[in-house]
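See the structures that follow.
Two complexes, one shared chain (chain A), two partners (chain B, chain C).
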Partner chain A sequence: MIISKPKKTKIEWTKHLLISPALLFFVALTIFPLLFTLFLSLNFWAVSGEHHWIGLGNYIKLFQDSIFLTSLRNEFIFVIFGVLFEYIFGLLLALVLNQLTRGLRLIRLAVILPFAATPAVVGCIWKMLFDQSYGPIPDLLHKVGLTSPAWLTQPLPALFSIIIVDIWEWTPFMFLIIFAGLKSLPKEPFESAMVDGASSWRIFWDLTFPMLMPTTIVVILLRTIEAFKIFDIVFLTTAGGPGIATISTTLYAYDLGLRTGNLGYAAAMSIILLIIVVLILNVFLKTIEWVRRRSVLQKREEALK
Partner chain B sequence: MKSRGLGYFITRFFLVVWVIFALFPLYWTLITAFKTPIQIYKGPFYFPFIDFAPSTNSWQFIFFGDGRIDFLRGLLNSILYAFFSALLSVLLGSISAYGLARYSYKYGPFKNDNLNFLIVSQRIMPPIVAVIALYLIFKFLHLLDSGFGMILAYTWFNLPLAVYLLTNFFASIPREIEYAAALDGYSKFDQLRKVILPLAAPGLASAYLLSFFFAWNEFLMALMLTFRDAQTLPIIITTIRTQMEPKWWILSAIAVIALIPPSIVVLYLDKYLIKGTLFGGVR
Partner chain C sequence: MKKILLWVGVLTLGLGLLITGCAQPSTPTQTISASPTPSATPAKPFEGVNITVAVGSFMAPGVKMFVPEWEAKTGGKITVVEIPFGDLYSKLLTSFSSGAGTYDVAIYAANWIPDFAEAGYIMSLEKYYPQKDNWNDVLPVMQKAMYVKGQRYSIPMDGDIIFGYYRKDALENPEYQTKFKEKYGYDLAPPKTWEEYHDIAEFFTGWDWDKDGKPDWGCLEALGPHDVGPYIFLTRAAAYSAYPGKPGSFFFDPDTMKAQAANPGFVKALQDWIDIKKFGPPEMVTYGGGDMRGNFVAGNFALGIDWADVGIMSQDPEKSTIKGKIGYFLAPGSNDVYNYTTGQWDHFDGVQYAPYLGWGGWHASIASTCKHPDAAWDFINFIDTTENAFKAVTTPGTARNPYRYSQFVPDRWKTSAVKYDDSVDQYLEVQKEGMTHPNAQYDLRIPKAGRYIDALDKYLSQAIAGQMSPEDALKAAAQEWDKITQEVGLDSQKAVYRSNYGLAP
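Up next is the complex of A and B:
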């Protein structure tokens, strides 16, 4: 006992030392800034350094601020439509590529390449593509005899454009994970379904889709968290315009915080964004838990019958 | 799907349309980098040599002309930050990941899984929350617009992912190998260096490349925490974009350069990404 004790304390020491860098960074660059931002949000705090305590003043002002409310509405539009279409396209691509035998690697690379693109570049490219006078998208639409909306300068087309860019940038991510999920499914159920002569539609609905459910939940969760951070695409294509039609919360916080210099107000805004993300995450996880439990109960009932 | 029915043609059609949709913007950037201003504003022109004569105008401008100073500074900064922050992330990340994979922790209610989740959960927080505070903290510490500050910020940005990925990799290496090495008389340090490190090399490489990738592509922090000397390539591009009459030909040339490293990383990681090894733990 006496001999083993010093050895144990040595291990204790090493292990605390090992995890310390990650925890140190966690505290210094996540917890501390988070608390500091929380503190900022309760103050009037100019970039110049002038500041005084105003309690919940910023938060009260925020809910009367129509720009902020518009930015929240836009966040939900971007997240819901972006994630929905990215999931649908990602799933379709994964299913189609899963059946491909020739040229798979090349097509797969073509599909995931947008994922590599630097976000700043993505925004600029699409700004060029959508340009009314010399961009190829309006030009090609005219050439096939369609009228092209003023993509980036009318409120509704502008929202639509941003969702298109988001789909372009993020579908590859969805595809990658869903494709990996498909690859990891067991082969036997599909083979026996084929032998039974099930249609591909039935195979998809009765086998593939339910078996992919865990993957689906994870990708949608990851993408939703990420989608709430939307900034670069909006900043570089429409800059939140026309007017404030496409402004996102991060963009508004950036504009206010650094341009007009009210860091406290921007901080309050980002805290609300964080709260929304965490709330949605919790609702999502609770729902999954509930569905899972229900299906387990159902199975148990069926087993009892 | 063996018979080439309607479904076959619909799926093939979808695939062709999607590949064009995915590649066209990149193609457009590439050809725009070889256009002259007139070819852009008179445009759009689609095919080099057929409807416009390519020129190396913008390439000369960024490598030898007036654009040289900004561009090369941005390029150097981007390379340095991505290189060193990825190195630090993997170094610090592997230390912590090794701890998490091999020892059991208990800090109050927090055990290994909680700690791992806590570290990953940092990525849930919208970066703007931290960046507003970081702006003031960096200002106070005189780290604004400095390379050191950016490397620090990017290390923080990538550390959670590195710890998460590497914990899985280390956990997949059986402990028994270490015990065997210990029996052979290897010291703890030699066990790590000669036995664990070579086994973990693919994991370390992937974590490094992914960290490099994310640091290279990062935008918001670079935008808020740098003004001039420490600007990265994405910010140089943004500066051109926000001018009254954007010089698209120059922007595209820089964009092509900016796209090269992350494309190589993705091409290289393709086989891991597709197997789901990198995101595998989340399933």
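Up next is the complex of A and C:
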């Protein structure tokens, strides 16, 4: 038997050359800044240009920096509560609007307006809304006989104020993607379920939610990555205060890097945040994959029975 | 054939990219044209010259108001880049140190002049000063702030001193005076000490003393982070720490450069500052200078601490409800001052004042990278002519406060475009008294001054929020100050610091 040698694949240089500008652009704007940030993080590097190698010095200092550790804690609080409630509200909105037949366009526009607003405007508006002396929210709470918390001037209320603003701004994003996902689901399983007399809850739990899983994964992934980068809302509403109660890692990096001029230290902070985000996303994806495999195995076992 | 066409396409694309990459970039913010083409009789001296001016947000109106006239007169073009107050130091430092030459003129705090001058970021203006015909009109305390090693590096735009404001309808009300005396045992009057300030603020908190139907507050100050907070705090700290007759005792020990930020005087000042939170609105802990000014002139506060801006804004009928109701007082002092040499508090029979020239005043310098220094000088000199300077300091919202003898004439203010009321006499008197006081304290004027203030700001905000005790917060700030001093160079910092106070090296 003649076994023919595998054909040598000719390198098609013209195709490589044609995509090279885009690749160079990508390297210049993505890979190079990342590698340079990593290099910066291993140096003492002042904004004046003065620098010298310190190895892991910045990283060691970071984990002894109480403000950095506080900012990491705040990041997790913002992400966990923010993403969770944004998903829940986004899903609810999508489910409700999916049932509507009239006025959908107008309602959908109203729902996505917060997402369309400039972050700077969002921050300023909510700072005014929460103002204890002049803001309508405390005023409304007083009128209905409730005590208004010190929204922006006490640590715990300030944290939740940031989360509220974040939920207000980003729920429309969740809604848009989940709504698109809902619209793309096949109608037949739902029609069969209704014919069989399944309740709304059963339809949601057994059909809608599992079928929306790919959309859910995508939207939570995207939003989690974005949520870790929270900056504008914190900067404009509380500036990280009171004290450091609401400081985010990105705001602290900005303060240290661009205000104090300690670029190396700020770069180390950015790298740590990047590693954390990548780890969390990996764990999330692996968990989803594990859940999916278990679900498939369970269904096979049930089918065999 | 196809392959040949493909190769032609690739080569064309590559050539195109190469040509684009080699082309000179045009930078919209720095379209500095070539020097004006000489002609027999140039109509305008700086035709085609573009000058980029970087200025802190508060001061921007005080620059922009003169741009059209200068441009019409000279043919030059001014691009004003407004930088948020809290970011001004870092933005200027980044621009200067990178050598990017983004700005031709920088308008910033006088206390940063030594920093920028020592680093070679700004040029000496000595060669231009013979052209200046109104130099002697500048108050000596402002003149001194401009010199670095005998050379002037800036033109003054503003005189800064932080002092106090009070509502006359509160403190001069006979009924309130009687009640105050019953409660505190002394006469109600503008406070001379910070203890009196505390008492008056407490007295006027929580009731409707201005009869507008809403409860009012005792005081209003800018306690917010990333803004003017540190300067307002240092106004208090100076009273307890700037020992009379010991120049240089305020920020550092002038012999060792050990930071004084954690001494008992500073700690007492911070405790005082935290105590007054309850006499102002809850949002006061987030207020910057702009918030403080806008709210104070809207009414509801018996006392306030700020630069001279509140006084000018109070005259603006669109923003102010307190025109004619406002009085002024020198920043309170103390009968007890901390002596850093003995480590003890010293008691004085009379109140010891230490008026604080926070920020040092806005000054304009020309960047070393400026390609048209003559035009730049012409512009900054233009906005400091005697007439223009007076116009600026009497216009609300320019952040320019009096700094020339000719500006301390009350009658000129009463007949200016903004008709000041009679309180302008006291307004100007308090400022002049502070600026000429024998124990007046300059702001910190050593290299990296901005970093020291930022470090202080970071820990002040945590103490105000209750996350650190005043002692711990100031200890951390002092440690960071010492670290910055070591980083920059103890000997060089000490030399500059001592020279600022006229101390032998």
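By definition in this document, the second predicted complex is superposed on the first by the 284 of 305 C-alpha atoms of A that agree within 3 Å, B and C clash if a C-alpha of one lies under 4 Å from a C-alpha of the other, contacts with A are read in each partner's own complex, and residues count from 1 in each chain.
The criterion applied here is as follows: a contact is a pair of C-beta atoms (placed from the backbone, for glycine too) under 8 Å apart; a residue touches a chain by one contact, two chains touch by 3 or more.
Computed from a prediction, not measured in an experiment: that's the story for all the values here.
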Exercise. Name the contact category of A:Ile244: first (chain B only), second (chain C only), both, or neither.
Key: second
Quiz item: Counting only touches as set out at the top, which of chain B and chain C does A:Ala198 meet: first, second, both, neither?
Solution: neither
Self-check item: Most chain A residues touched (candidates chain B, chain C)
Solution: B
Self-check item: Touching partner for A:Pro21 - first (chain B), second (chain C), both, neither
Solution: both
Practice problem: With the two complexes superposed on chain A, say which partner A:Ala253 touches: chain B (first), chain C (second), both, or neither. | Solution: first
Self-check item: First (chain B), second (chain C), both or neither touched by A:Val96
Solution: first
Exercise. Would you please give the residues of chain A that touch chain B in one complex and also touch chain C in the other complex?
Key: 14, 18, 21, 133, 258
Quiz prompt | Touch list for chain B against partner chain A, complex | solution = 1, 7, 11, 14-15, 18-19, 21-26, 28-29, 32, 40-44, 46, 92-93, 95-96, 98-100, 102-103, 105, 115, 118-119, 122-130, 132-137, 152-153, 155-156, 159-160, 163, 213, 216-217, 219-220, 223-224, 233-235, 237-238, 241, 246, 248, 251-252, 255, 258-259, 262-263, 265-267, 270, 273-276, 279-280, 282-283
Quiz prompt | Footprint of chain B on chain A - complex, ascending | solution = 11, 14-15, 18-23, 25-26, 28-30, 32-34, 36-37, 40, 89, 92-93, 96-97, 99, 107-129, 133-136, 139, 168, 172, 176-177, 179-181, 183-184, 200, 214-215, 218, 222, 225, 228-229, 231-232, 235-236, 249-250, 253-254, 257-258, 263, 266-267, 270-271, 273-274, 277-278, 281
Exercise. Using the touch definition up top, name the residues of chain C that touch chain A in the complex.
Key: 3, 6-7, 9-10, 13-14, 17, 86-87, 89-90, 93-94, 97-98, 119, 224-226, 281-283, 285-286, 451, 454-455, 458, 461-468
Self-check item: Contacting residues of chain A [partner chain C, same complex]
Solution: 14, 17-18, 21, 47-49, 67, 131-133, 150, 152-153, 155, 238-245, 255, 258-261
